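Alright, structures below, take your time with them.
What follows is a pair of complexes built around chain A, which joins chain B in one and chain C in the other.
Entry: the complex of A and B
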């Protein structure tokens, strides 16, 4: 067993791996969802009498008490609405039939009768002027509110001699995993089973069980291979429907989304309006405020994590003598807001970083120098008063400045160079367990996460174990187990896999060495090595096949098993005197990146070509260079889409206008420029050996970086994502240069 | 329900007679659900993502846009048969060596599109031409960087 870069490469390259969409069961039926035809309104009736297919099974809210052992499931989160619909496309019924064609035909014949109401879709229409605190206090659509303050904010803004105020708008963007959601469920026996494309098998089990009101112990979730997730395949989506369809039909049921459904049902990043204000006195920053209106779709009141988490990012990783942040989550008739690779933070970074770029231009300062003057360093405090840990952003910015200087030499006309920065935190909280299994010929890690693509499970966790044990690369195999047999782990999300699951594997590996050391009676910690295909224990003066240290029962089993656990502490750290209203979330560590882009802008067409890109990342400690590099390359490309082309367009009636790849445009192989990736080490993070998570941070600075480069090329600011040719052309047509009017910052 | 007819295909070198194929059925569905060749991936089903690319008489085609009856009599190569081709082996080796994949879902489509390009007579193997040959394939994980490296390595090895 050995491989060049990825252990799963050959299987994937020859079409051998099975994703959620590929799973089949004997006797399986096919499911289809019946979508709500309106975004808002009262449900009058669901009429299945026109379904001609006699075998087809139709399930609605009324059938749940009959199908579920304990009532209708979670009353707070019904899987089917029984009174009002919350968004267009919300499943109001589900159908199973012997073939997909028959299931879809039957679903199309289910009549949904509604007293439709006018939906709320657009933040600008809802709040044509920036809402006052009085407006928001009892507003029925306010789902959440956060407010934090530090220093003499009121005085700073009262005594300012200049107010630099801008308003930014960002769009809904979709994760677009190439594999749509898909699962096969079997609820015909006493223990229900679902095989699904999920990035959190245990999270999916918890969520599905809770939605259906069944104990977790009566549900097994088996992860399939995952064809991309990016946050979209965390909690339950299709699994509860597939299970009730299986229950109703008495057969295993496959349920998968079409691409159009994937766009319409997906829980993802929704639009926002951000206002940033910097108070200046004699050209010096004396205070800064951020205001946020975030569309959280049909999220439950207080049920969205993003607002409280995003709050900590609103002013970026920069200090000021007085700071204030305030945000509101607004309920609209869209699907609930959902996790999406650093949820909403590329959009937040676009606003604050662009604000600083424009401020530097206004003050006649270098934009990188302006950032470095107030960027956090270890020991300082965050906006919310948490102590900053090891943080390499200043180093990244220093390198970015060098790249910018080099690229400015002989820069062609019409080109621009810009820099953006960002920070993130490794999701090393929650918990995970892993087993390290030593056999005479191999070291294996048994755990419960499926590889979702980044390589963090199959390569990242293996690299941690290899490093602890002293084995060369590609000698540790990571094996997957379902929720019935595998150890608990909270999921592949939040940049946590190497940092948190990796720590469980690290601890198990260290314990394994301790066990072997004790048994061999060694004074120092041994290492493992491979000799003639066998695993041997090596220490000064000793080299022995590991099985010579096995107990009798281990020898019979052919394996020595050691467990490791990592449960992150829920650290405090937020200064309660700063947190005025709402719930905020502390950072586990501080990951940083500074990016540089060169763009060419066609002034006539407004078209942007990204010429080259350089990404500098503080990773704490590098665990596997090629996997890390690949993460950054992929994150940058996804960020270029958020910067330039990706935008979900909802009509006033709640219909998504562009639920497909022709009109929701992803970056192609000819759009993405060469990407140079550089790592900064030495600023230790929360993971093994001081590693920091790298799943999400690569996307964070990208829209800001492209915006800065376009600003450099055109001398005009942009205030809205994505920066489409239309918006660029409009910015060029604006007479105001460099500075929007106070009030609505973006051109109308 | 839908009327259908027999279709005769040579799939990965083996003759396959498929009975009662509805006239509206796509080659993608015949391969995946009748012949259990799940390596060919269903993506957008609309010709935008390239995940379902297979070779039909040696040319890369989107199997989601091709009716099975249109392929009647044709020779079809899917990812499961790629290693039987010498260019296919070179492409697989190059992607393996460069780690030109992540989740792998778009991978069969990229591999088949590249094999189709490099195996065509007089194929332009310049970096720009190789990149252009892959323009119809979307990848969401890699940012294409490792795919470009793999494709250029393959182009050199085949030359």
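Entry: the complex of A and C
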């Protein structure tokens, strides 16, 4: 059997790749950050007089005007606080020294004096009762507010004969890239340079330049190899600190987080409380409402935009005659909210999907049939009134029902089977460019994304080019560029690599064939092939080495270069009459999945074992089956952690209690069950050949699916993530689960 | 951790000399290092010299009449693989399988578990339950101490300065079982764990409950007998769960731990009584 192996596999398995923390520069020093010792309070003084190391350089907010060409950087987003600290561990100063040990030792001797204040950490403590609109209107901690409405909601709820109301809680979860953030910066010359572990080199350049108040043209960002990112390595984190340390010390400076720091500074999905209400009349759904309180830590990047985006998912991909969604972003003393693989949507899907599972049980209906009755199909409208494009969720659910039926045969006692669904919108609209370089012996794709481990760049984009040109994987090579020499690209986020950069590469490849066709005077589009190690042009009656079609200058350069660009946009907008408050955002593409899980639950201990798993995905068109399958498997494994074990635990003083992999429990290979992956094709997406993004959707339905399987095994609903043994045991022990008014998720 | 000298003596005398010549905090023995390395990295210990015990001929697995003697530095994986051990002390295999993951068990040792006396050690409760003892060697010669006296508290043992654990001695055959509970089945800390054994000679049940302060708690009973009824088991388990000292922490609340103790004590006794003692990586689901 022959199959494609990931092109980076050998280099990675033999330790040859240089991750951010491996990059070295001659004369390089090391940096260390000085964390705020309290989560809230006013800075009184930062005293570096106890730093005994005479070579060490200490930088605080006061030094920035001297170090930065245009003053202190972005006044809205200072890299060091000068008055109030916002969270425990916030960098208040940074230190550079010749070695890591010396930098850390010096950082430990910087005394941070502040008037500490009581931090706000917990949504339930902040709002023991569900807050009224009056409470929220002028609340100092409200960071954002969105409200959308469709149909006669008030009447539906007023005239309902039954109200099915539940409250869900979700936890903070970390991306846990195995490689912590790391970069090496050199700001000793006129053009500053940083090599960093980033998933978006151009985004990092834009963000870093903006934070430091310098023009993007005077900063070059080069991506190192990335040891996992999952959303965490998009915008700038360490780069501005490393650059000012380099400025201050006159040397290149490497700054890398320890694993504990990676957790403590993590900008990630934070806790939430979700309330879902379905209004019923004569057993029929007449209206639905969703309410969200989202902990956004010190800030919500993108503000209402992020909140509005999440809000579009709150009621799931299901229609209702009348609906209303309202979300509040709440500022707390945690690090800022940040992107984490389908940010916050696995948590949202857990709530709405569980709500439907419980509603089906309440109404005595089959949970999949209940979903299929109102699931979106092409041509219908979303919660926010956007027209739905090709959308295969109904087909995925139909297949899920067949899997469930098969698994129910001979299901052992104590086991349960459940289904969860989810959808996602890819960032296929964000722009990107690619160059396709034809040489006599290979095709090279020059582009500016870094492979972050999913295979989307090295296999996905390459597979698109192979498919257009007709070449085997052995003769298509993807090359990386830095921001000074590479074509612009928005980066790896929003599941957009194949869907968006893939389109740029597709267009460049097609243009290449057109150029060759014209030069060869062919009537039909040719294909490329490999003969005796050389790339040849093939068309009916023609087979010629490609270099015979090169111009003189191309022959001298040994390459023919064409480029392609893709700047897409969302198809259609939302219905403005539905948007009452805040900023909402249309979806670019409609990708979907239905998952099925079988679990075994220990009814005494509450322990869950996932026995087997089946994932059905609408991918539009499959580009590379092995890479796509691996992507789904990885997403499921990650989602199982969010479902069962992963939880960031903050104390009341803002200290993260579990900043490490001992008590922040990822799934290990022995915990992951056999996963069957199935693709539904034909619901064409915006990507090349009708492909849809697949980076994030695999994680979306997982917590909901596990919850449904546990519900099936126990007949008990669960309202909180993660579903740890203790929480399950508690649910089993509770006779009535009501704890009003915010409650632990009881039906009211 | 910079500047630490690493030595790996190959004889007992050589090893002991390192400990007699230096102050105790300056020289630290290391076997698998699976626990010690965390302290070294965090700077909780700062020795000048690490004395590796890995080259010492201390890895034996010897059968004596009514006793199994295991060298202190034998990796757990090399005990786990032995079918005779499984037959003679089934609970030991179950406890070993609860330690970390496969990779870690190739490094971790029984001696290291005892010397470090971690509060969440999975092997200590089992060693207590079966009535094992440790043989210590030091400048003054050998002495043997029951594990019950050796492990005094969390991170506190009866080891004297300069003394090392030479081997562990287990009475055999000893019907036994080990049951644990944790959030993630593999590579996690047992929140509660129970080792149990039955001595047919004295008709005595011994259970040791791990995950309780200040060290695993030993409970004995001579009324249950070889084939206890379900009701008797439940009564005993509940009584034990009521009196063990438990604390809540970020891993589990006190109330849940107490409930789990009762469940696991009952399951452990049932497993021993029914001789249903085949080990599994998923002990909590058993």
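As a convention for this text, the second predicted complex is superposed on the first by the 722 of 748 C-alpha atoms of A that agree within 3 Å, B and C clash if a C-alpha of one lies under 4 Å from a C-alpha of the other, contacts with A are read in each partner's own complex, and residues count from 1 in each chain.
Keep in mind that, in the parts below, a contact is a pair of C-beta atoms (placed from the backbone, for glycine too) under 8 Å apart; a residue touches a chain by one contact, two chains touch by 3 or more.
The model shown is predicted, which means the values in this text are computed figures rather than measured ones.
Ranked by how many residues of chain A each touches, chain B and chain C are led by B. Applying the stated contact rule after C-alpha superposition, one finds that A:532 touches neither chain B nor chain C. Residue contacts after overlaying the shared chain place A:228 against chain B, while chain C stays out of touching range. Touch criterion not met for A:410: it reaches neither chain B nor chain C. In the overlay built on the shared chain, the residue A:638 is in contact with chain B alone; chain C does not reach it.
Once chain A of one complex is fitted onto chain A of the other, the partner contacts of A:662 extend to both chain B and chain C.
When the two structures are aligned on the shared chain, A:675 is found in touch with chain B, with no touch to chain C.
When the two structures are aligned on the shared chain, A:19 is found in touch with chain B, with no touch to chain C. In the superposition on chain A, A:138 makes contact with neither chain B nor chain C. Judged by the touch definition given at the top, the superposed model places A:5 against chain B, while chain C stays out of reach.
Overlaid on A, the two complexes show chain B and chain C touching the same residues of chain A, namely 101, 662, 667-668, 670.
Considering their complex, residues 1-2, 32, 37-46, 48-49, 51, 78-80, 82-83, 92, 95-99, 101-108, 111, 131-132, 134-135, 137-148 of chain B touch chain A. Put simply, chain A touches chain C in their complex at residues 101, 600, 602, 604-605, 607, 609, 644-645, 649, 657-658, 662-663, 665, 667-668, 670-671, 724-726, 729-730.
Of all residues in chain A, those touching chain B in their complex are 3-6, 8-10, 12-19, 21-22, 101-102, 176-179, 225-230, 258-259, 451-455, 626, 630, 633-638, 660-662, 666-670, 672, 674-675. Those residues of chain C lying in contact with chain A across their complex are 2, 101, 181, 183-189, 250-253, 256, 259-260, 263, 281-282, 284-285.
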